[in-house]
Amino acid sequence: MKKQFINEIGIGEPVDDVFALSEKTLMRRKDGNPYINVTLSDKTGSIKGVVWDNVDRISASISSSEFVQARGNVTEYRNTPQIVLTDMTDCPVDSIDPSDFLPVTRRNIDSMFDRLLKLTASMETGYLRELLEAFWADTEFADQYKIAPAAVNMHHSYIGGMLEHSLSMALLAERISGHYGGIDRDLLIVGAILHDIGKIREFEYRYKIDYSDEGRLVNHIVIGLQMLDEKLLTVDNFPEECALLLKHLIVSHHGSREFGSPEPPKTIEAVLLNYIDEIDSKVNGIREFMAAESPDETWTSFHRMLGRHFYIGKKTGDVAD
Amino acid sequence: MKKQFINEIGIGEPVDDVFALSEKTLMRRKDGNPYINVTLSDKTGSIKGVVWDNVDRISASISSSEFVQARGNVTEYRNTPQIVLTDMTDCPVDSIDPSDFLPVTRRNIDSMFDRLLKLTASMETGYLRELLEAFWADTEFADQYKIAPAAVNMHHSYIGGMLEHSLSMALLAERISGHYGGIDRDLLIVGAILHDIGKIREFEYRYKIDYSDEGRLVNHIVIGLQMLDEKLLTVDNFPEECALLLKHLIVSHHGSREFGSPEPPKTIEAVLLNYIDEIDSKVNGIREFMAAESPDETWTSFHRMLGRHFYIGKKTGDVAD
Amino acid sequence: MKKQFINEIGIGEPVDDVFALSEKTLMRRKDGNPYINVTLSDKTGSIKGVVWDNVDRISASISSSEFVQARGNVTEYRNTPQIVLTDMTDCPVDSIDPSDFLPVTRRNIDSMFDRLLKLTASMETGYLRELLEAFWADTEFADQYKIAPAAVNMHHSYIGGMLEHSLSMALLAERISGHYGGIDRDLLIVGAILHDIGKIREFEYRYKIDYSDEGRLVNHIVIGLQMLDEKLLTVDNFPEECALLLKHLIVSHHGSREFGSPEPPKTIEAVLLNYIDEIDSKVNGIREFMAAESPDETWTSFHRMLGRHFYIGKKTGDVAD
Amino acid sequence: MKKQFINEIGIGEPVDDVFALSEKTLMRRKDGNPYINVTLSDKTGSIKGVVWDNVDRISASISSSEFVQARGNVTEYRNTPQIVLTDMTDCPVDSIDPSDFLPVTRRNIDSMFDRLLKLTASMETGYLRELLEAFWADTEFADQYKIAPAAVNMHHSYIGGMLEHSLSMALLAERISGHYGGIDRDLLIVGAILHDIGKIREFEYRYKIDYSDEGRLVNHIVIGLQMLDEKLLTVDNFPEECALLLKHLIVSHHGSREFGSPEPPKTIEAVLLNYIDEIDSKVNGIREFMAAESPDETWTSFHRMLGRHFYIGKKTGDVAD
Amino acid sequence: MKKQFINEIGIGEPVDDVFALSEKTLMRRKDGNPYINVTLSDKTGSIKGVVWDNVDRISASISSSEFVQARGNVTEYRNTPQIVLTDMTDCPVDSIDPSDFLPVTRRNIDSMFDRLLKLTASMETGYLRELLEAFWADTEFADQYKIAPAAVNMHHSYIGGMLEHSLSMALLAERISGHYGGIDRDLLIVGAILHDIGKIREFEYRYKIDYSDEGRLVNHIVIGLQMLDEKLLTVDNFPEECALLLKHLIVSHHGSREFGSPEPPKTIEAVLLNYIDEIDSKVNGIREFMAAESPDETWTSFHRMLGRHFYIGKKTGDVAD
Amino acid sequence: MKKQFINEIGIGEPVDDVFALSEKTLMRRKDGNPYINVTLSDKTGSIKGVVWDNVDRISASISSSEFVQARGNVTEYRNTPQIVLTDMTDCPVDSIDPSDFLPVTRRNIDSMFDRLLKLTASMETGYLRELLEAFWADTEFADQYKIAPAAVNMHHSYIGGMLEHSLSMALLAERISGHYGGIDRDLLIVGAILHDIGKIREFEYRYKIDYSDEGRLVNHIVIGLQMLDEKLLTVDNFPEECALLLKHLIVSHHGSREFGSPEPPKTIEAVLLNYIDEIDSKVNGIREFMAAESPDETWTSFHRMLGRHFYIGKKTGDVAD
């Protein structure tokens, strides 16, 4: 567990902790002697560093490192902090705590998962409840379900993001199915809970969030369907039509071919799931985008993906009657 | 008030009631004598009719009629019913009850409007409540609000459709703003209630639903903004920022320029209102489309606008646990 | 096996064979007596028929029939042939030979399949050859592979169409991989052979070609991947990377999300497979479209899907030097 | 009124004038003493500056300044001019002359406005003339009409740009309505004059050109319609149909929903107004873009918005016969 | 020259004139005897006809006719006129006057062409004037230029349409180049006059307006460039740059690749020519579309290509002040 | 012929060779004395240089140079090599060997051209063979055909690229026409060989690859058609229909208007040529893109134009059975 985070290190302080080694360049001084420029980073930011002594030994020991134990002192160079490093040694990936290097949901993962289990228990359709229970009983799956991110960027792009997103959608699904009569509540909720499970394998998120080979080559919709197919085999007498409708929810949850769904929504539940996904990802994504602005701005900067500035300004609702 | 509706008239029955005169053609028999072929209609369907006698007098009296008082007897011709008409006289448009000729919401208009008034009373933001009260106090407006359709076709295309659609959206807005923290519930609900008021003038719906000149030339978004501007003048000290945010909800509720909104949604409330509008119009539109299919079909016919067939089939939720 | 086909039945001939019952209407004569109008069809066309006698008995016996054994004589009515039917009895779907009612490839199915087996034997990559052999050893699969159509319309929309299309693509893949160095020939050929196997379940083609529920709800790409996943489990030590690359060929063979592929082609083989699919379906589709024109036309009628007329005219190549 | 403009200040000269304070950073020397780096700008460009002495006092006095009175001497640093500042004091926004900081039309604003008044007087349709006169009699409106820009960039993006653009369009409208018979010349000219009035409030242009909150939330088309509605109330007996047609010109002048018009042009005059707007904004925009290139270029750089290079080169018309 | 036009032929009149033979079907009466049903047409409409006698001889003589000399008498059948034909003989295409069968411009072709010659004489750029003179001196070209249509439908789709359209554009170009300074007036006018010359070969318009093989295979832009290239060879010392700019006007006059221009407009003149073409084709097309409506309609029917109804109604300009 | 290439020059070496003068800036030292910063480049890269002495003379002698003879010594400045230049003199463009400054195909140009001649000789359609022979007999054309690039970037963007691309397409065309019966092989091959000849004039490629004025104003499709028209005049009795079909191949080879073809492919040969062009440019472009990545990457960087990363990784085909 890291103790020193980059955004808290002051000039003049000694440093001795684990960092990701983002960049490393071997340089040469005018007198011909070598030195090393590096960039170290963790989830709070990055900092430059320089190695003046023992260059050959240090260079060799971190030649293929992704993480290093770094020792030295923080100085100031051209008005920004810089670590003068006295030593760096390799730090195996296995020994890393991802939460030191990856952003994490601000909500409590276990509480959220408990809420999911309660929703599961509330299912009146037996075989749907059994299906979810089969997923939760698969502890390897459940552990990954709790930490997978929902995206590389844009929305819920942090550890626990997929759980947070799926739970929020499931609760929203419950509210909306209560508004309209004749919605298959249980099917819709299961759809919300399982729609993104393919992201467990679409992304890599041990110490940075990125696409996996499988994610780029076959897409989380396809992976999720495969995971569902495997689990369906373990539930006795799961009705064939319901299995098709559930797969359809996963297949169509992006809303149109243009956005990556092989088929568009063709049931009321699928139409709703697509909108619920849209709402939850947009609300989260726009709020994260607003939160990244400095506090006195009335408008965000330009959101390239959504093609507009968003209005932050003085909320009407705050004004008393 | 009509008593005879076309879908209930049996062969052999006498007819004496008001009908819309959809088509009229003066024909000539082989012997050179004239006769009249007509098509009569009401909200339940249409029927062919023929006038053999007094052709000149009847033809003159209904020369520019949109509605006629028709008398005669139902016979059968080529396996379909046909009225042999003994007389037709003009029936002024003013005397027509639109609900005889227009489809009407299946829900109770007064109950729905009462629900809106209760929502209005629940507003904690005083000036927003006052704004709604100003609208309801304008009885001419309120009367039209109750009967306007929400569309010419596709969804809620019937008398009372805009009220039904707006109320449903307001209640859904309440549910969704309860799910997410930090939403301006009252603003969102007012947006849902007022977003389509321009349709009061965009459409004509006295005895058929069609676009008005104003509707085609300036669009319901623009008309609605003008109606809102006029009403805002009557509320003391309505905060300027809130007025802008409310107008923004109307301006942006179609979601993008491509769909007719001069600006896309730029606040969380505007983003939500657009999705709530999408959800409610799609749920209603798809269900009406499904309902028009014969009961033993598993799939609807092809929905041209949405580019797909919809699945009706044996609902999963019906199956007991 | 039918002996009388509609396009060959002459006026005055007796009729006694199986037909699809496309339409059936109970009519009533002026004297009040009922009669039945029907439309009968097979793969060569359709013909009108009428039942004057034994109306109640016949009507009852075919009340839910899709196929009937029809007996009667061909007469002429308003310049077109019509069968005056003396009897019709139900004909169970199971007893029908689809090739009487469905268009069939003009090429020999068994010869084409033999060619596929030879291609299979030519594979140098052992696990790819074993995978294909596992598919062919699954006789239920192989039987369906031989008869599935490749589409409902547009191209190869006939019994045996998927086999014809896949074989043509595989042979084209062999030619093109010979032109460029460094292509994984075996992988590309297996991709060509398996890319459309999901169509075996996407379509229904017992007596008419249409989408199945599964086809409309989850799409042939998804179905095909599931079939591949099941079969991969039966091949020992199938390399994981190759499995991913093969799935990627199926996932991306439509070329872009807009056309239903969850991911676009990201390997040279996937890029080629998409073009090979495009070429083979367009060459077949355009030629079928040209063949349907009357022989003296220089241009086809307007091809709505492709947005143009095609030029048939006097081929340059025919002109001697 | 500024006397020293940045593009004319020479190395070695003293400086004492008003500048916009574009950037300000508090820095620290190696000896720990603070200094201030600033960027100063006016409509002719920007220049770096540095404060070595009295850093605390100066920093406090300009802590929230947008404009400053700056005193110092121009030196050279790394081959570019830099002001060594001896003092800076806050300069209230109210005291600023926008034309010192904003680009201004190269044409004479009063002459252009006189031309508009003559066009107004030439109107034969009384109520249209009265409407324009009502606008001009509103001196607050008229003053803003004279200085508003037509855009933030792309075309006529300078003080007086909207007037220049609208007048040019009105004169072009006169020419085109003279070419075709049956055009309502007066309506078309009024449409040209009023089509962009919403930009008076859509933009802020006191000392920089940017969007206002209202502009971003409701768009200049909507604002312009509101301004027109208010003014129409002041003209007696303005025909209702003409009011609709005039609003339609404003509503539809962007030509399609995709470009922000809630309705596309549906009258000949509206179709023409859209093209006249297109022509005038493109001719101005492309010429400004060409003018920004160095004089010996044959082609402009790539115009991102219009997706092409434009040809400047040796004009054919220059060549004598 | 035809004397009897279909819209003027009354019941009971004898007929003896040339008609296009649009349809011909050999029928058989209940007694087995043959008769012929035909549809005859000219530019004013079409009429049904029937041949009862001499069926074999007549049938043979018109077996491949496109035009016939028809003789008979007009009767009435099922309330519509029908010609009972006593004879029909083939009428060679060469003997046909196209203006009997094709719609023709309502303006005088020779007057329009004279106006073009005056414009030509007004050119101050010698080599551009010489180029036009070279075109007009080519009498075969000039004769076709006078009669070619500008389109198969949509706008100016009649004999003389291209001349009418090109002249109108040239005069509009003169007005617009007078409005803006610095436009190469002569180049723009020559562009307007020559931009569509490829349509002379793109269409066939001897007795119906349709695409030629060349038109469908290579497009009028390409054909027009080839015609220009040939003519440029005949003008001495035509400057190379001007030739390129003139070709660019033809290449780019559709405005974008999407509309068939290989390159978009890259000079001010090309930008203007595209808008002038747009204006003139839209004004003509919309007016023709409005003119086809019955006189009491306020709105046109839906214009499929342009995606809207157009407003015809009571023109503002008609109302007195 | 250059001997010193930038990527091979070591620190400390003397330099005396020809370089492109990419950038030149006159600077001033603190003591007021001028010096010159330059960037020199050739096909292997670029290097900075500085002139300290004889600044005025050298500056004058290279004032408008594109290429210079440069003399000096390589030193190191801020860890990168820099030439301290003792002299630079102008080097006329005519004396430059483009292959020193432009990338060149890795294949042998003469061998490729020989292969084309063999293909030409294999034509059975006499007039097509004669047409090609007429092109090859035009030595100015043939010389340019051998060296023209196929693009400015994306694919085959090097000297000899068009020849390499056209030959590859012709050979692919031969393979594909052998797969399908009924293709006009000779026509398709001639189309492949000539489809891009307009690029000979569309680009400038003496010492850098860029668009020519003609290329930007009229496009290579139009230029190629003009070149074909000229050459067709030299072949006796070339059939008119074949000429049209050949022009159609050039006109339509981009596949759709959106991609710059005035008409889409309307013959089987044109459909195939478009796909063959797509395949060959994509295979070459993607492989070049992959080759530019560092050897240990599994994925390429993001390909902006094609909107994806490409998979390079461990090829399945490499794995032994």
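Every chain is named by a letter (A, B, C, D, E and F) in the order it is written, and numbering of its residues begins at 1.
Quick note on the criterion: contacts are C-beta pairs under 8 Å (C-beta built on N, C-alpha and C of every residue); 3 or more make two chains touch, one makes a residue touch a chain.
Keep in mind the model is a prediction, meaning the values are calculated, not measured.
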Any chance you could name the chains that touch subunit D and subunit F both?
-> A, E
For the copies subunit A and subunit C, give the interface type as same if over half of its residue numbers appear on both sides, and as different if under half do.
-> same
Distance between the CA centroids of subunit A and subunit D (whole Å) is 44
Among the residues of subunit F, which ones contact at least 2 other chains?
-> 213, 216-217, 241, 245, 248, 266, 309, 311, 313
What pattern do the touching chains form: line, ring, star, complete or other?
-> other
Please list, in label order, each pair of chains that touches.
-> A-B, A-C, A-D, A-F, B-C, B-D, B-E, C-E, C-F, D-E, D-F, E-F
Subunit E residues touching subunit F in their complex are 213-214, 216-219, 221-222, 225-226, 229, 241, 244-245, 247-248, 251, 257-263, 266
Given the complex, residues on subunit F that touch subunit D span 27-28, 213, 216-217
In the complex, subunit A residues that touch subunit D | 79, 298-299, 309, 311, 313
Subunit F contact footprint on subunit C (complex, rising order) | 124-127, 168, 171-172, 175-176, 178-180, 184-187, 239, 241-242, 245, 248, 264, 266-268, 271-272, 275, 278-279, 282-283, 286-287, 306-311, 313-317, 319, 321
